[in-house]
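Structures are listed in the sections that come next.
You will see two complexes here that share chain A, one where it goes with chain B and one where it goes with chain C.
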Partner chain A sequence: MFDLAYQTIVAIIGGTAILASFGVILCASPIYSALYLISNMICLALLFLLYNAEFIAAVQIIVYAGAVMILFLFIIALLGAKKEEKTSSWEKPAAFTFIPVLFGELLMALTMDEGRPVQGRFTEEFIANVGSAQAVGLELFSRHLIPFELASILLLAATVGVICLAKFPAKVGGRRVK
Partner chain B sequence: MGSEFVLFVSAAIFCIGATGFIIRRNPLIMFMSVELMLNSVNFLLVGYSKFTNTLDGQIFALLIMVVAAAEVVVGLAIILTIFRTRRDLDVDHINVLKG
Partner chain C sequence: MIDTVTQFLSDNVGLIVGAVKAAVIAVALLSSVPILVWLERRLMGRFQVRLGPNRVGPFGLGQPFADAVKLLFKESIIQGSADKFLFFLAPAVVVFTAIVTFSAIPFGASFTLFGQEIGPHVANINVGLLFVFAISSMGIYGIVLAGLASNNKYSLMGGLRSSAQMISYELTLGLAALGVIIVSGSLNLVEIVEDQSVVPNIILQPLAFILFFTAGIAETNRAPFDLPEAEQELVAGFHTEYTGMKFAMFFMGEYVNMITMSAMVTVLFLGGWNAYIFEFMVPPVIGPIIVFASKVFILLCVFIWLRSTFPRIRYDRLMTFGWKVLLPLAVLNLMVSGFIKVVL
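Let's look at the complex of A and B:
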């Protein structure tokens, strides 16, 4: 009974995530796209919660649905939400032939999923005992320390790059504008 | 239902994001489509880290979030710089690299 309810909730949230992602690409105005993207991210965070990844769910809400999307909304507010003009081009037919092929190829992975040779020690009970954040921290700071340090260097590089892009004023017609 | 559901949902969201990246011309919406694709991969990694009882998928998802945050910041700064020089956001009209 509990299992059936769990599966139903997971299926409903997954369907909502897919619908919200359709909204992202079909809305004419970037503001609505951003709002649909926020709802998609919240749906995925709920799915993370249902798959015993509480820490990742919290990070998803804070970093993605919070910080990144606020940045997007600021930029949209700054640039103005102008609708794009409709022009006919060869991209659309190309997309609608390429994407179903890609989707079919990805679904072929469904037929290959039977044996699961990898079985780690982080079972549901273990994570419930120590807590999701502590389990992730144990793993992150022991076996995955070098990727963690590289990520910090990447963030530093991104910061420097953004300062370089933002500091120097844009040139219009050869002279710098204030 | 289990790993098949995770695979299906993440494949669907990834393909929707790829479609959006190809058919839209507003660079902001193209960026949001890239975010969709990154998010779908995150979901796949987290789902499989549950099914295999490991945490590597969750760590990988965390690092993908870091990379995505850095990418979004730099990309939006580039879009802003292009807009300040050209006053135009359609990616079809941007055909020279030199500002």
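Let's look at the complex of A and C:
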């Protein structure tokens, strides 16, 4: 099934996402870089929406565009938004070699075989029946319950660690260092 | 030519109905802002034993028009050290997100018009509740960007404060709404309202209602939580540098957010357009919308009442209140409702 209007919208949003990601790395000002990253995330959410994954789209916006990027802007505001100076280093040519490698891999994956959808117990009819939010919830809290809980404990440990590092002075060699 | 046009129109009825609904709702929202400002000033006057605006027209009703004309014709001053693009972007983001958030809210039972079933909402989204939270969380960017772009200490502090406040209270807002989701088992706002046709959620989830409304006031930056614009410390907070219509856009965003928040409380807790014991008085088609609007109106009056009653609370107390009182209560409410749902 090839719907021209639909494919055009997908292509436009995908192209905008790519342009925005270029903006992230090419912009000198950190505020604009962060804004480009936000627009990139919004584009990704729109792509999810176009593929009928409205729950993932909403979560993408709430978590990444809404929460994570606000903290980025926060840090930029607190540290002062100075423009980056251009410096030449060995990382740049190394990065340029990655581009053909990545695109070559993509091309290989495209030419190897026709793409196949992943077969699972969540068929299109099932998701249309219960809704994508319920499908994600069912999968997360039944089959992947233990990894889910482990991940939450990991995040909790990280939060406690951050509070310990920030609030209490670290002991170096048995001495309190301020 | 005409044939192709009519063919196109009949093929895309849904699209056209959606566009018309979006335009009507956006215009209605924006034009209710001056009326709300007038209502607030009149009511505040009564609460504080004075008259309020009463010179321009009957009951001072001409005042909003006079204010709008003044704001439109004011000189737009942009200070030289400001980041021009972000300075213009910030108020646009605030108004855009405020209006788009409302698009997911259903404000009446669906009815049939010219053989078309029309639901009084721009979009009936499967994850409507999450959509509202997602878009309203984007509104914070407007305030942060206004603070960053103004290149002014007070603006920056106001922007940072308000974003910290909104992020903190968003958690409570979401957790309180989760209690409702547990009761009705859906993220769809229309289904949540239809689920309350017998008992409104305020009776099933009283604690969640109080938490949601409190956090909602903080989320819309209204008094007593209007720290971002604490005049004594921060001049006018994030919009210190804004003049004329750009300043008015922040104002508009705040009032539209107020309406949206009241509408969300109505949908989630007060049973939307269900009239309960007054059901026999409700006329068809227009009736449910009137019921919904009157519930929203009462909540807006409560917003104004709270503003004229409580003094602004201190910033550290605000954060402590959010994180140490509201958030644990919201988690408790969530656990209890989850327990009740599983056991019963």
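A few notes on this one:
The definition used in the following text is that the second predicted complex is superposed on the first by the 159 of 178 C-alpha atoms of A that agree within 3 Å, B and C clash if a C-alpha of one lies under 4 Å from a C-alpha of the other, contacts with A are read in each partner's own complex, and residues count from 1 in each chain.
To be clear about the criterion, a residue touches a chain if its C-beta (ideal position, glycine included) is under 8 Å from a C-beta of that chain, and two chains touch if they have at least 3 such contacts.
Nothing here was measured: the structure is a model prediction, and the numbers come from that model.
After superposition on chain A, the partners chain B and chain C are seen to fit next to each other with no clash. In the superposition on chain A, A:I12 makes contact with neither chain B nor chain C.
Contacts of A:V160 after superposition on the shared chain: neither chain B nor chain C is touched.
By the touch criterion defined above, A:H144 reaches chain B but does not reach chain C.
In the superposition on chain A, A:E54 contacts chain C only, with no contact to chain B. Touch criterion met: A:I38 reaches chain C, while chain B stays clear of it. Put simply, more of the residues of chain A are touched by B, taking chain B and chain C as the two choices.
Within the superposed three-chain model, A:L73 lies in touch with chain C and out of touch with chain B [touch as defined at top].
By the document's definition of touching, of the two partners only chain C reaches A:A133; chain B does not. Of the two partner chains, chain C is the only one that A:A65 touches; chain B does not reach it. Figure legend note: chain B and chain C, brought together by superposition on chain A, show a least Cα distance of 14 Å. Residues 55, 59, 67, 76, 78 of chain A are contacted both by chain B in one complex and by chain C in the other.
Put simply, chain B touches chain A in their complex at residues 1, 3-5, 7-9, 11-20, 22-26, 28-29, 31-33, 35-36, 39, 42-43, 46-47, 49-56, 58-59, 61-63, 65-74, 76-81, 83-85, 89-90, 92, 99. Only residues 83, 86, 125-127, 130-131, 133-135, 137-138, 140-141, 144-145, 147-148, 156, 159-160, 163-164, 167, 187-188 of chain C touch chain A when the two sit together in their complex.
Residues of chain A touching chain C in their complex: 31, 38, 54-55, 58-59, 61-62, 65-67, 70, 73-74, 76-78, 81, 131-133. Per the touch definition, chain A reaches chain B in the complex via residues 7, 10-11, 14, 17-18, 21-22, 24-25, 27, 30, 33-34, 37, 40-41, 44, 47-48, 51-53, 55-56, 59-60, 63-64, 67-68, 71-72, 75-76, 78-79, 82, 84-85, 87, 89, 91-92, 94-96, 98-99, 102-103, 106-107, 109-110, 113, 116, 118-124, 135-136, 139-140, 144, 147-148, 151, 154-155, 157-158, 161-162, 165-166, 170-172.
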